[in-house]
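Let me begin by presenting the structure, written as structure tokens, before commenting on it.
By letter and in written order, the chains are A, B, C, D and E; residue numbering begins at 1 in each of them.
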Amino acid sequence: MTQHLPILAIITLFIGAFIVALIKEKNEVLRNTVVLIATFMSFIFTLMMYKPIIGEGNIITYWMGNWEPVQNWAIGIGLEVDQLSLFFGLFISLSIVLSALYSFKYIEKETGKDKYYVLFLMMSASVMGFIFTGDLFNMYVMIEIMTFASVALTAFRNNKPEAVEAGFKYIAIGSIGSSLILLATVIIYAQFHTLNLAQIAGELHNNYTITTLFALALMVVGYAVKVFAVPTHFVAPDAYMTAPSSISMLFSGIVNKAAVYGILRVLYVVYQSMNLPSVQFMLIFWGTVTMFIGVTMALAQHDFKRLLAFHSISQIGYVITGIGLATALGITGGLYHALNHTLFKGLLFLCAGAVYYATGTTDLDKLGGLAKRMPQTALIFIIGAFSISGIPPFNGFVSKWIIYQASYEAGYAPVTIIALIVSVMTLASFIKVAQSAFFGQLPKEFKNVEEVPLSMRVPMWIMAILCIVGGIFPSSFTKYLITPAANAVMNSAKYVEVMMGPEFASKFYNNLGNAPVIDYKLAGYWQPIAWLILFGILLLAFTLVALLGGFNPKHFSYSDEEDAKYDVFYSGESAEFSHVGGSDLFWGLKYQFRHYFDLMHKIHNGVVNDYALSVVLTAAVVLLYVFTFVR
Amino acid sequence: MFEKLIQKGLEKSAWLYHLNTGSCNGCDIELVSVITPRYDAERFGFKIAGSPRHADIIVVSGPITSQSRDRLIRTLAQVPEPKVVVSLGSCPRSCNVFNGSYCVEGPLDKYAPIDVSIAGCPPKPEAIMAGLVRAVEILKEKRRAMK
Amino acid sequence: MLLMNYITCIILIVLGLYTIVTKKNAMKIVIGMGLLDYGINLLLISVGFKAGGTAPIFTISELDRTSFFVDPVPQALTLTSIVIGACVTALALALVIMINKHYGTLDTDKVRRLKG
Amino acid sequence: MELLKRILYILFYPGLLYCFVGGLVLAGIDRKLLARMQKRVGPPIWQPFYDFFKLLGKETIVPRNAAKRAFLAAPVIGLISLITVSLFIPVFKFSPFSTYADLIVVIYLLTIPAVALIVGGSASGSPYAGVGISREMVAIISYELPMVISLLAIAKKVGLELNNGIMTFSLSQIVEYQAQNGPLFTKLSMIPAFIAMLLVIPCKVGSLPFDIAEAEIEICEGPLVEYSGAPLAIFKLNHAIKMLVMTSLFVTLFLSGSGTGILAVDAILQFILSIVVVFFSITILKAITARLRVEQTLRFYWTYPTALALLSLILVYFGL
Amino acid sequence: MKFPYLKEAVKSLFSKPSTENFPKEVKEAPEGYRGKIVFHPDKCVNCGMCIRVCAPGAITRTIEKVEDGDKVTFQFYLGQCTFCQLCQDFCPRKAIELTKEYLMIAENEEDLMVRGTFIKKAPPKPPVPPVQPKPVAQNDQPKEENK
């Protein structure tokens, strides 16, 4: 049975999409149950794969139509799930289930709901397919279905002009990216006349010809367009902003994680090029630039989801930097941050969705004081905001600190310094969102805003708890999930060995050496449980002293009726229109770097052609770089 | 348990909040001169607090002009108990030369009971300090009454 | 003669990129995407070419030493790629129609409410 | 026995009691010195104790549109993280909770009180607090850069000798290094970092030239505008303990050495050194400068202290 | 790198602070200080000049009929007075005097009132003229009436 698990995980989602397309509008409950069953089954199948792959450490391979390789020549399409793809598969299928659960209530007010679910299942199926496949052209097809479905979902609210415009821009840029990936696939096929990743990896083992380098450059740029790395990131904010929140959660949760998996698979396993310092430098430089520009643009936004979009670009910059370091610690940091990013970014997009569901707008200048009307959403937002900006007890802190430590040990001190400043700016922009949307004065039109229904809050709570658990027990997360994945990344010989039969790999890899076992004292993180005990004792000691000290809660005077005593002090004025929020925060920073912010504002001018030009220029620059430096 | 300490605290560190309801600034500069090195009210713990929420003694100066009337009422309501209202100079006491004018809304005790009033136009800094010391005693009585 | 294929592919690809980058009309961008896609499909087909090979359609009986087939795999890939190209173009055109309905124009300089 | 000793540490020496008393005494000394510099008598040293207990007696008003739980929890969270930080700072070779990475824990735990102040301020829902937290955040961005660079420089410097090349983040190793070859500020490469860190302390503590976030007159004490009674008392206590923690961290990083070995004498020595550091870094600046605008603070911190810190980082790389 | 005032700050750190310790020794107000009003009722002749000249109208007079004249009480309300010393200058009899005493702290209005009462004897009635006025000529009678 374990042999068929990969294909089952993918097929259940495709079949679900097919059945939902059949049901159409007729029966809502039936459709929801089908969607839930499909996503849940796929998650269960992925979980069942955990024991054989990470538990016993072997790799499941599955040849479509049982076309085994003939005389060491792969002709059929092979699926291959090793620790790395299973690691990605786990948290991706989890966020698919949570997003499905969330969208039942969230999409209720929209029209054309069944089309939404068809596209939703197609996208998730294609991402799962992309992660588990071991075949190059199959990866291209899955990426194409994913882009296709995300464009349709971006333009889902077609009564809004912005959604349609974002959809068009996304498909224009996305199709350029996909064409680059297809071109690279064709060139690799022309060189090796096979499409199986393992076989290509074997033949590519340290004999790079010009054509393979050309394919490498195109492949990296193609995936960079999918991951929205900086020069190609212009489309992301528009797409994330206009798509429904449960979908933008998937965009930032699984779509760009799949692209990161693509880069990892291509650079580490297929090309084994990560020991070349030039490739490492390219990725680190690209990651740092993405990180910095993403967060500085986010500071200047005054729409909630657009701000979150720029943040997911900057967090992906962290992941790319972590991966680019190519040291054991760096890859662990990068992978752990990819997992954390899916959790807290998904959480924040769901909060944005909850705010949109309750108030109808996500414009920070109009919102205010929602914490009183939506206490749970506000608390969840605070957990998400603190974990993304790396405040200790939450999970963002662990992975960010591993990346700082790894980059500083690898000798890239400026990268560490920029990463730290970006993390502080992330905290700044989320304080801005908290102040303008959740705290402060409640505007009159949101007077009777209600908390979102339970079925939307359950996924949010699950993710919030995962964020906290990820922060408190990092050593268990890394031991069971991330270290095996990092080992798999650094040791591609095993990947080739299992896929193509026993002695195939030994022909190319003279030493089947194992990757350096990543045993490190978990850098930068003391046993967090002892910390918690410490916090607990202090809290206990403090409340004891406080209760004795006469400021027990009886003394807090609080009342809800209109009494001047409980008004906010606004130099005597009645503080109705006095909400400070949105774009009038951080005057000091914006004024100090006004030239930089004006330049950035001019570059993001919204014209599709300029975006396409930036993609083409990136391709040119990367090509030049790869040809001159990578040997 | 801390009651004795709180009483000592109230006595030794009362914070002022200066509320200018249209005064000619004669009393204001006198009040500020109280915290200059020569008179130095800070050695008794007096400090001018930024917001009414932090204040114990509210020093009102100036006849209550119509503009500042409802602002006065709102700010006075926002000061936490135990609080003491001190009228500085004769304007808040009786609107001085301005009483009967179209824009003066009458003495302060129409809006809040004046606990200590410091006469003088403007009162000397020593007089202000003596008045504040008197106000601190009233503050302690109010705290005892509040318990 | 095979060289001609590669040259036309390069021309098609560069032409496609050129139209996407410079043309201000949304419809022309979609055409550019199509051009780019078919350039790559042409390259994909011409990769599998073997001089003198026959079409790779055979029954087991015809399989003997002398038969010499063209490589079948790129042909399968091209089929998928053409299908994908068709879907992408269809979706892009649908979006272009919606843009025209909402914005009243196809000029990409005007269709840019989302910026900054 | 070990747990009992730990609880004793938490509740008494470097923990709750020491922070409470030490912090407030330090704040009192700071106010007294400032007064004396302005030729006035100034309040007694234990004036902050009076302020604290007076505020305990006051009524606590929670504004109507404040998020009540966040509003009341913020000061306590800030206080607890500050006390946890003071547990990690070694006092001349004695460190109750020494681990191999407590410099990281210290840096990040020191951001929690600032974030607690921000969340408390924005939870109070007042417009002044809104402006205050935006300035506080820009202040955090401005001082974080030089502080982190100088700490990285120290970590690299100590790491080169003791941790065979890889940088060390453990404070006890830093103290041990200083025990072997003299306090850090005597090393040539460490002097710029010493000055940079000295300039960072006033902004981190929020004292006069950089207390733009709690400007009394302009925005009525910024984030603290809606606080009264016990929460305000805890915030003032936070302010004082932050002063104590920052200066004792500074002493540990730059001025510590082998110490006398007896805990009591070391503790007093550390306290006196932190008084001297408070005098030089906070009180003098408070007496002679006026308040800077927000973007002037940012420009100041991203030019001079950052350049100094980078200089010391480069010098360390050259193995000075 | 010029640090402003650094020298003065450090120098004053070691010099004696220039604060007067107010509560222990109360300094005497400078010469000519217009402080608390003292009213000498015996000198007052109830001419009302001070009332007319007092800008804020702080001086009020109440007169009651008493058998040998009228009992006049002058009331100086210090809470309304601006201490401009006009009343002292215009008083023909120097009955009002502004002393150098400046500690005017009061908790209720009563303490700010300075009162002085005196009895103003009616002018002695002219001695009863003898009865016989008759022989005077008739013609100068009307002249007296219309004077």
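Methods note: a residue touches a chain if its C-beta (ideal position, glycine included) is under 8 Å from a C-beta of that chain, and two chains touch if they have at least 3 such contacts.
The UniProt protein names, listed by chain, are A = Hydrogenase-4 component B / Formate hydrogenlyase subunit 3; B = Membrane bound hydrogenase, NiFe-hydrogenase small subunit MbJ; C = Putative Na(+) H(+) antiporter subunit C; D = Carbon monoxide-induced hydrogenase proton translocating subunit CooK; E = Carbon monoxide-induced hydrogenase iron-sulfur protein CooX.
Just so we're clear, the structure is a prediction, and the values are computed from it rather than from any experiment.
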{"item": "Separation of chain C from chain A in steps, with touching chains one step apart", "value": "1"}
{"item": "Pair joined by more contacting C-beta pairs (A-D or A-B)", "value": "A-D"}
{"item": "Identity of the chain that, by mean CA position, is farthest from chain A", "value": "E"}
{"item": "Greatest separation from chain C - chain, by CA centre", "value": "E"}
{"item": "Between chain A and chain B, centroid-to-centroid distance (C-alpha), Å", "value": "58"}
{"item": "Chain C-chain D separation of Cα centroids, rounded to whole Å", "value": "63"}
{"item": "Mean-CA-position distance for chain C and chain B (Å)", "value": "83"}
{"item": "Rounded Å distance between chain B and chain D, as computed from the means of their C-alpha atoms", "value": "35"}
{"item": "Multi-partner residues of chain C (at least 2 other chains)", "value": "none"}
{"item": "Chain E: positions in contact with at least two other chains", "value": "17-19"}
{"item": "Shared interface positions of chain B, touching two or more other chains", "value": "2, 6, 37-38, 40, 43, 51, 53, 78"}
{"item": "Every chain pair meeting the contact rule", "value": "A-B, A-C, A-D, B-D, B-E, D-E"}
{"item": "Touching residues (chain side chain D, partner chain B) in the complex", "value": "31, 35, 38-44, 47, 49-61, 128, 214-217, 220-221, 224-229, 232"}
{"item": "Complex interface listing, chain A residues touching chain D", "value": "369, 371-372, 375, 378, 382, 386, 390-392, 397, 401, 405, 408-409, 413, 416-417, 420-421, 424-425, 427-428, 431-432, 434-435, 438-442, 521, 523-526, 531, 534-535, 537-539, 541-542, 545-546, 549-551, 555-560, 565-571, 575, 578-581, 585-589, 591-592"}
{"item": "List of chain B residues in touch with chain E within their complex", "value": "37-40, 43, 90, 93-94, 96-97, 99, 115-121, 123-124, 126-127, 129-131, 133-134, 138"}
{"item": "Parts of chain A lying in touch with chain B, wherever the complex brings them together", "value": "548-550, 563-565, 567, 569, 571-574"}
{"item": "Residues on chain B engaged by chain D in the complex (per definition of touch)", "value": "2, 5-10, 12-14, 36-38, 40, 42-45, 48-51, 53-54, 56, 78, 80-82, 143"}
